[in-house]
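Okay, so chain A shows up in both of these, paired with chain B first and chain C after.
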Partner chain A sequence: MSEPLLRVKGLRTEIPGGPGSVVAVDDLSFDIHQGEILGIVGESGSGKSMTALSIMGLVAPAGRVTAKRMEFDGWDLTGLDEAAMRRLRGREMAMIFQDPMTSLNPVLSIGFQLIEQLRWRLGLSRRQARRQAVELLGRVGISGAERRLDDYPHQFSGGMRQRVSIAMAISCEPKLLIADEATTALDVTIQAQITDLIMRLCEESGMSVMWISHDLGVVAGLCDRVNVMYAGRLAESADAMSLYAHSRHGYTRGLMKSVPRIDRRRQRLEAIAGRPPSLIDLPKTCPFEPRCAYSTPECGAKPAPRRNFGENHIAYCWADLPAEEGVE
Partner chain B sequence: MIDEPLLRVDDLSVTFHRPPLRPFGKPSTVRAVDGVSFTLARGETLGLVGESGCGKSTTGNALVQLIEPSGGRIMLDGDDISSFRSREDRLKARRRGQMIFQDAYASLDPRMTIEDILQEPMRIHALGNRQERSRRIQELLDQVGLAQSFRKRYPHEMSGGQLQRIGIARALAVEPDFIVCDEPVSALDVSIQAQIINLLEDLQAELKIALIFISHDLSVVQHISHRIAVMYLGRIVEQAPADTLYDAPRHPYTKALLSAISVPDPVRERENRKNRILLHGEAASPDAIPTGCRFRSRCPIAGECCATMDPALAPLPVDSHHDIACVRVLSGEAN
Partner chain C sequence: MSAVTFAPPERSNSALSLASGQFLGNRAALVSFVCFVLITVACLAAPLIAPYDPVAISLSDKLQAPGMAHWLGTDYFGRDVLSRVLYGGRVSLMVALLVVVASTLVGVPIGLLAGFAGGRVDNALMRIMDAFLTFPPLLLAVAIVGVLGPSIENVMLALALVRVPVFARIVRSSTLSIREETYVKAARVLGSGWVRILVTHVLRNAIAPIVVQITIVFAGAIVSEASISFLGLGAQPPSPSWGRDLNEARRFLEDAPWLLFGPSIAILVSVLSVNFIGDGLRDALDPRAWQTLRRATARGSAAQGATPGRSQ
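Coming up: the complex of A and B.
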């Protein structure tokens, strides 16, 4: 197998302060290969966004990121200084956020913002950059791009703004695109348009994507592989088919059972009791144990083992989960 | 004899006026809700779905008198509450229709304890004496599954799910006939969402309260609703019992909306992706509603007649409980 584009080993992100430091990400390891779409699923506070920010080098100075290894396309991210990081960011790895209104500058036209970045990062002339900007907006499906270049962010609708930020993110043809809840704020019909766009861009350019979302449905359709996170730790990681067919972690299973789905109507949702733990001074044992419907005596006593289920499926869980109930 | 529904909304419209964009310009009007009619039976859940800007929240706000309708009638048990002018009448109608909001934290006064928050509606509507109210608070906390120790807490000491339980308890405090739930679970994590949905279902079964459930999440609406109305640009375009709507949608907008729902199943999801009806463009703005059918600019089956005829909501010939607003489908020209 070829070298992965991104290799993360033992990532730990700590935010000091208050009564104790918050460990937002703890001992996280995963790879992203070229052209792959990796989904990251979990609830708020599970460490999804902090993982993304840690990779992008955007956590300092508020927090401390350490890792045994963090390599991206031959670069050792743990040893890079801010200047080198800045050269990678935007050019080699780019990010889109949930709310494009806060990630775009409201007092500059979107043309200015796109062109500025093309000139600065790729060294294009004003005219070349403008031509490229028009082409980019066309690629993400904004009609009348030439005319809209001089519009300001507030003149665009939410879906259009998200397209603009995608255009901006892919402008330098990054090898890795990190999308943090990129379609969460959008209407379902617009969401379908955006995920289609992301898939097309991956196929066209071989870009890799880290797709952060809490929506199990969108992830099922878009992602090749999925990491499920809970309380800053990796709970389960598997290729999408295997994960949805037979989840092996109590938390993943609980999540799947608690969402209403139109293809399997049920009288009652099986909610997960309780709520996520505080990230200060978590025990070494499974953080989901108090809420888990499948917990065993070992769960509260010893840290959960890393178990392999087939080639591409791992879970940190003591319990042996039955095959999914209710599957036709 | 057919029971008179609890709530009958007739041709409701809500118009907002906007000041001119530039000096000496014309003020513009936004028709956020433009002729909406529906009924709500006792103990029933009606889901209101649609994309942002379709007028679903405005409709909900008008039902609980948070917004003054600019036309139409809202009949509660035969009385037109939108025509009520006196303070007493309006207060009386308000007690019968309560509301739960999306952002529970923002809807609770941060300087009041939970006890005060739950007591306030009872005080406003002059229900019971001090002791009775205290007993009622105890009962309410039990009903929404919170311990009595929450009485003395403040909203900032509680999690999102707990706050939404308080929002529900506050709505229940005055024993309303119906509750408008405006995106009550959208801000919550998936595992907590299920807890709140189950709670709403239990309370409805126990107390026989009618619910208007407003959400953009079609899977959630399908799960909780008996009947569903789909809104587009200030109008209801299709209305049917939940299962009928999801199994046999007839309006092209509903079809597109349903095909865009994703299910947590990669095999099916990849299959769906191929058959997905991708709508082009976005909804027109409610301050410039197009002539004829308002969906026609994005409609895959729009014909010539759609540019001139503004379709009214009418029952399908084959099913009198299934209403749609589409000239072409109703005339049998298209499916």
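Coming up: the complex of A and C.
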């Protein structure tokens, strides 16, 4: 396989605090290939967003990021200073956020925000930038783009605003787009439109996407590969098909069971008992062990091994999970 | 019920025209603006339109009631009050204007920097500002003028200095909340540097409290200048100033109450109109308020005036 667009090895993000530093991301390794959509799944506080911010170089000064390797498109991100990172941000990698209501400046017209970005990052003239902005809005599916350029964020609906955010993010044709819960605040039909849009943009431009979500359904439909994170660590990583067909980690299993299914009406949802652990002084052993339905004696004693289950499917788990429990 | 048309409101391409439309639609602001312009023009044109020399003493005419010869009467030295009000406005308005400009230009960047940088920079800057605030403003101004010597330039300097912390504090607190907004985060992930973020995002969103503060400071400066001049530290007699003349008029409250009218009405009207103008500007600079206006116009029921969704 060719060199991945983004290669992360041994990423660790620490936020120093009062009683002890919080290890938000611990020993995380993954790759994103060109044109690939990687899903990152996990509950709140599992380090999904911190992973994104670490890659973008936006954790400092609150926290400290270390990594054995962190390479993006030939750049060594671990060695770049803030000025160099700033040149990458927006041009090579961009990010969109959960809340489309607040991710656009309310007092500037969306045209102004788009055009400014284009003129400043790409050095376009006012007229070129305006033409480009209209085209971008058209690409993300905003009709009457020319007319809507002078409208303000509050004149758009939530889904439309998210489209504008996407237009801003892809304005400089980044190689990597990080979407942090980009559809969580939208209703389901809009959610589907946005994921369709993302897929189409990927196909058109060969852009890679890191799709952060806690919605397994959306991830299943959109992503090529999925990383499941728990307590700042990677629990399982697999092709989407393989993961949903046969998950190999107790946490992934738990997550799948807690999704309501239309074909099992009377089934009670199984919540995962307990709460996520505190990220301060977490033991080296599997952090999910206390809540795991499949835990074995080794789980609490030794760090979980990295196990391979066929091509591109790894899980950090001691237990051999039973084959099929009605999860497909 | 009359037919309600939901025709899309007329779209104008320029933010400026929408903003000015909003401002002109605010009657109080519009009237105030006209008043203020009239006062300013009249004061600037004082040498052309003032009926008398403002400092010419004519003891035979002292303390005359308003009449055809002297529309606003004469003071203890027989000087024409109307002429003094016109000339005095030049001093008072000039002081207020320069105080506002200077304290805004210094205070706003300090507040932006403190709020955005946080940590030690914030602490250092704001403790200095707090130190200024511990003094009663008038007393500090008097002390500064006392050290530098009484003159109208030093009054301006002192008054501006005293107002800097006010702007710094207001802008800092706005900055603290705006920097946490998602659009600031979004700007960062798209590669904006902090200067760009401060100017296009933070400052642009903090404009409302700044404009309101400007009007307050402008009004306050007129009054403060009056107080300092009264103490003999500002405008030196016999040169006119609204505040000084007002304070002089107090001595003749029983014999010649009309002496109060000219300067006090001048102060009242200019301060009031500046406040209304500030109100109108604040709304005119907020695109979310334009929406309400447009909607209201489109539905033809401005009276129902839905409040704009601030939380958006």
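The rule is simple: the second predicted complex is superposed on the first by the 322 of 328 C-alpha atoms of A that agree within 3 Å, B and C clash if a C-alpha of one lies under 4 Å from a C-alpha of the other, contacts with A are read in each partner's own complex, and residues count from 1 in each chain.
The rule we apply is simple: contacts are C-beta pairs under 8 Å (C-beta built on N, C-alpha and C of every residue); 3 or more make two chains touch, one makes a residue touch a chain.
Everything quoted here is computed from the prediction, not taken from an experiment.
Participant: Output check: A:L234 vs chain B and chain C. Expected answer is one of first, second, both, neither. What do you get?
Facilitator: neither
Participant: Report for A:M256: first if it touches chain B alone, second if chain C alone, otherwise both or neither.
Facilitator: first
Participant: For A:V218, select first, second, both or neither according to whether it touches chain B, chain C, the two together, or no partner.
Facilitator: The answer is first: A:V218 touches chain B but not chain C.
Participant: Looking at the overlay, what does A:I110 touch: chain B (first), chain C (second), both, or neither?
Facilitator: neither
Participant: Is there a shared patch on chain A that both chain B and chain C touch, and which residues make it up?
Facilitator: none
Participant: How about chain A: which of its residues touch chain C in the complex?
Facilitator: Interface residues on chain A, with respect to chain C: 56, 58, 86-91, 94-97, 99, 101-109, 116-117, 120-121, 147, 150, 152-155, 165, 168-169, 178.
Participant: Under the stated contact criterion, what part of chain A meets chain B in this complex?
Facilitator: Where chain A meets chain B, its residues are 43-44, 157-160, 187-193, 196, 214-221, 240-241, 244, 254-256, 258-263, 265-266, 268-273, 275-276, 291.
Participant: Report the residues of chain C in contact with chain A in the complex, numbered from low to high.
Facilitator: 11, 13-15, 181-183, 185-193, 196, 200-201, 204-205, 207, 285-288, 290-291, 309, 312
Participant: Help me check something: in the complex, which residues belonging to chain B touch chain A?
Facilitator: So the residues of chain B touching chain A come out as 51-52, 159, 161, 189-195, 197-198, 201, 216, 218-220, 222-224, 243, 246, 256-258, 260-270, 272-273, 276, 278-279, 282.
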